[in-house]
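The data blocks that follow each hold one structure.
Shared chain: chain A. Partners: chain B in the first complex, chain C in the second.
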Partner chain A sequence: MKAVPLRKLVLGIGGLAAFILLWKLVTDAKLVSPVFFPGPERTYVALVKGLSGGPLLSQTFETVKRMLLGWLLASFVGILFGALVGVSKRARAFIAPTLELLRPLPASAMIPVAIAFLGFSDNMVLVVIAFGALWPMLLATVHGFAAMEPRLYEVSEVLGLNRAQVIWKLALPSAMPMILASLRLGLTISLILAVVGEMLASREGLGQSILAASRSFRSADLFAGIVILGAIGLFGSRLLSVAERHLLRWQASSR
Partner chain B sequence: MSAARVLKNGGRAAALPVALIVLAQVAATVTQLESDSLASPADIAMAFVSVMGDGTLLKATADTLKAAAAGCLLGVGAGSLLGIVLGLFRIADDALDLTIELLRPVPVVALIPVVMMLLGFGAEMEIVIIALGMLWPSVVLARAAVKEVEPRLMEVSNVLQLGFAARVWKIVLPAILPQLFMSLKLAAGYALVVAVTVEITANPLGLGYGIMMAQQALRPAEMFAYLIWIGAVGWLISVLLNAAQRTFFPAFVNGEGR
Partner chain C sequence: MVVTQLSTRPRHGGGHSAPRSGEPRIRIRDVTLAYGPLQIIGGISLDIASGETISVIGPSGCGKTTLLRMLAGLARPTSGGVELDGSVLGGPNRSVAIVFQDYGKALLPWRTAAGNVSLALEARGCPAKERPAIVRDLLEKIGLGQHAAKYPREMSGGMQQRLQIARCLAQEPKVLLMDEPFGALDAMTRQALQDEVLGLVATTGATMVFVTHDLEEAIYLGDRIVCLQPNPGRVGRIVDVSLARPRDQLLTREDPEFLRLRRELYDLIKDDHQ
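Our next item is the complex of A and B:
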């Protein structure tokens, strides 16, 4: 990894400072009513207060827990089912078209269905997150397996590998770049659906917290919640990028 | 591919959905299903005909699609413009990169309460949220596209001493048109998702609100009819945009996986 050049760093921090200054100027000049739009200081104060002793910390914890549980569930089911479908040409011919058909369905459209079955519960939110985050991983695994070098399948026959060995030793590593990219996308979707689920089902978490803040016109608390949500998204995707680079080291050297 | 082969592939593709529908119908008939959360395929089909017949479904579809289209064009337009500027001026790019990277991961649904507070309910609020959701991906795609424009074209524009507007209009835009279309294509599918999400979460109009109301009125057949219709609309949009891409930018279709 190359170090960030100094010029870029200085300009970047300057740009961020300018952005915050602009934000402050807009709110100080009261271009938008301060009831709706808090300045950076008020947001910062609300953030610090909420995180030190306030409810924000436990809400953040709840949302992150929900997001991670749903994401793990989706990854597990998606990659497993994707591998089972992807490894057999026949299963692909029968099942893949139905999966492609279902893919453009907005995951949030499943929320009413999930409510009908599970009510306004934590499990409902979890199922919605898992269902929504499932698709990218499932399809990436199926496509990754389908795109495997055909000679590798011939190699596996020559070596007399059974199906589980083909999946574990050949297909999964070769589909890994696609799967890892889909894991990152899945995490983004998980965060979005965690927030939506909390808003709709009033389960504890940042989604419910920012909706309540907006209804009672506590705009500083609302913005503090959004800042944390942004930080969760940023941190999650950065972490997975690092993991991606680490896990795909072999690829750069073998090509 | 021969006709027989197309038929065989199509038959295999249709086998699973058809089998599932038949199985669901048989199960519903055998158990004489009476439920607040499940409905038999025949009931769903009947509910579909009824909401289609009285026009509620079409009106909801029009509301959702209008908001999605307006938000999509607004977001992709503004985002692409910013992306082009950032792609052309390295200093602007360096200055704004950090800020954009910090703003980009904010989940778009987190903005629902903010925009709701500022604009109340209605189509406007939904359009603004969709546009905000489309903004950053469009910035990133347009910026990358401009940076990949053949450097000689830029040299040509320097030699011709084109002004900024002329340079964008005559050199950059034609060169990045395929990427812009791809950006629009990705955004269109995503815009529908955001539109339905906003409607389910807060906004009382469109398909998302319709499916939510059907659930709350304990009419599962209608709920599933909406669900299938939403899926069909999403699928149709992606098919149409893929076809358009193949027609207008045939050389670019395979460049998608980058």
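Our next item is the complex of A and C:
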């Protein structure tokens, strides 16, 4: 049983190594000018320099903080509002068409609106992140609540559970698989919007840092920033899937 | 050995029958149920005495499950009413527990066996400190003592149905309703559960209404058997079962009276199917 995850890990690392090798081959062959496309070695050097004493560490911290704050805000509003809507058939019928209208709006389209209201501020970026990450969580919660096994409602009636107990003990756990999947999606969206927001509003962080590096032809710094962003995404998603496995250990198949 | 006191009672051809003594536990008073123009139940009356076990049989579409749902307060009669201990049943009531056939849907997959039983205790505000002991006791009683930490998906169908029964017992019900609870189980598991349910009903003194389409199960469990007829659902016959208790899977089923009842019910049901 234990050999299988190990083999998976080895394969994953092998794939990553192959990717870096390919990257090196392409840059060594100078298919693209080194001014725009640094090799893995130069990127690594820039990464180490930036993280030890350079500005990369604090920029990473800023971006992660922004991403997490926006994500938490979106999760809180999304799950709470989703639960309120999802628990009542009438509320669903009332609000669902409006949600469907707002949902496909690209979060980037909201950026000018947010700028008009909040200016080029940290709060503006936060609002954009929260707005973009809100939808998957909101809709997953609404749908998760609506999809609860009808038999369980009958069980709750016969046992005499009150409304709060039905929400907390039946609807929320039964919606949990959908909510957790949406939390993962929301985290990715939060990272994307954190970077875009920093670029547009010139707030400190990796987004601003890679934009500045690109404009001054510091391609190694640019790629160091991109590598860190990739690592943040990977790490966040891994962390959430560990949480997911723990919370959904009752499910038939673990992913 | 308790010989059922019902054996001396005359058989009733109609819908209404007298309780054993005093106020009946359940009084079904001329209930009808219609969805628009579609009449599902067309006037059923029945008194069920405290501690009595009633089996309900009938061809599919005769309203067996609907009748049970009305007793559980999950379906509202269009006219007439159900009384529990003399007061009208307005909706679901903790004193009336129901075991559904589809145990897979009725259990909480994210809770362990212990957690599923605990839900009933949480619902009636039992203090958290007292719950584990009660849960352990109930699981022990139903033969799941070793499986308290298992999730439903890790349990066989028979174990899951035991679990649902344990959760119902945690309600401390006066009335236990069962909707074809063993229909999806294999024959051996089914017989084991029949005996356990009979044992539980005997020790708790609960009144039981057991819906089944299995004639032998109906005879084996019941003090009386209510045969429903379809279109719309109504009582066709009520048959008294004068078999000794406690009942035994081999001896009871070989009893000439058992065989006679089986033939009688078979003829009744067969007629309805034609």
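Structure notes:
Just so we're on the same page, the second predicted complex is superposed on the first by the 234 of 255 C-alpha atoms of A that agree within 3 Å, B and C clash if a C-alpha of one lies under 4 Å from a C-alpha of the other, contacts with A are read in each partner's own complex, and residues count from 1 in each chain.
Everything that follows uses one rule, which is that a residue touches a chain if its C-beta (ideal position, glycine included) is under 8 Å from a C-beta of that chain, and two chains touch if they have at least 3 such contacts.
Keep in mind the model is a prediction, meaning the values are calculated, not measured.
Steric overlap between chain B and chain C is absent once the structures are superposed on chain A; the two fit side by side.
Using CA centres, the angle subtended at chain A by chain B and chain C is 90 degrees, rounded to a multiple of 10. Shared-chain residue A:Ala29: touches no atom of chain B or chain C. In the superposed model, A:Thr98 makes contact with chain B only, not with chain C.
After overlaying the two complexes on the shared chain, residue contacts for A:Arg151 are found with chain C alone; chain B is out of touch.
Contacts of A:Leu6 after superposition on the shared chain: neither chain B nor chain C is touched.
Applying the stated contact rule after C-alpha superposition, one finds that A:Ile192 touches chain B and leaves chain C untouched. In the overlay built on the shared chain, the residue A:Gln165 is in contact with chain C alone; chain B does not reach it.
In the superposition on chain A, the chain among chain B and chain C reaching more residues of chain A is B.
Following the chain A superposition, chain B and chain C show a smallest Cα-Cα distance of 16 angstrom.
When the two complexes are superposed on chain A, none of the residues of chain A touches both chain B and chain C. Within the complex, the chain A residues that touch chain C are 149, 151-152, 154-161, 165, 169-170, 173-174, 176, 248, 250-252.
Residues 72-74, 91-94, 96-98, 100, 102, 105-106, 108-111, 119-120, 122-124, 151, 153, 167, 171 of chain C are the ones touching chain A in the complex.
Here chain A touches chain B in the complex through residues 7-8, 11-16, 18-19, 32, 36-37, 93-95, 97-98, 101-102, 104-113, 115-117, 188, 191-192, 195-196, 199-200, 206-207, 210-211, 213-215, 217, 219, 222-223, 225-226, 229-234, 236-237, going by the rule given at the top. Within the complex formed with chain A, the residues of chain B that make contact are 9, 12-17, 36-37, 91, 94-99, 101-114, 116-118, 189, 192-193, 196-197, 200-202, 207-208, 211-212, 214-215, 220, 223-224, 226-227, 230-231, 234-235, 237-238.
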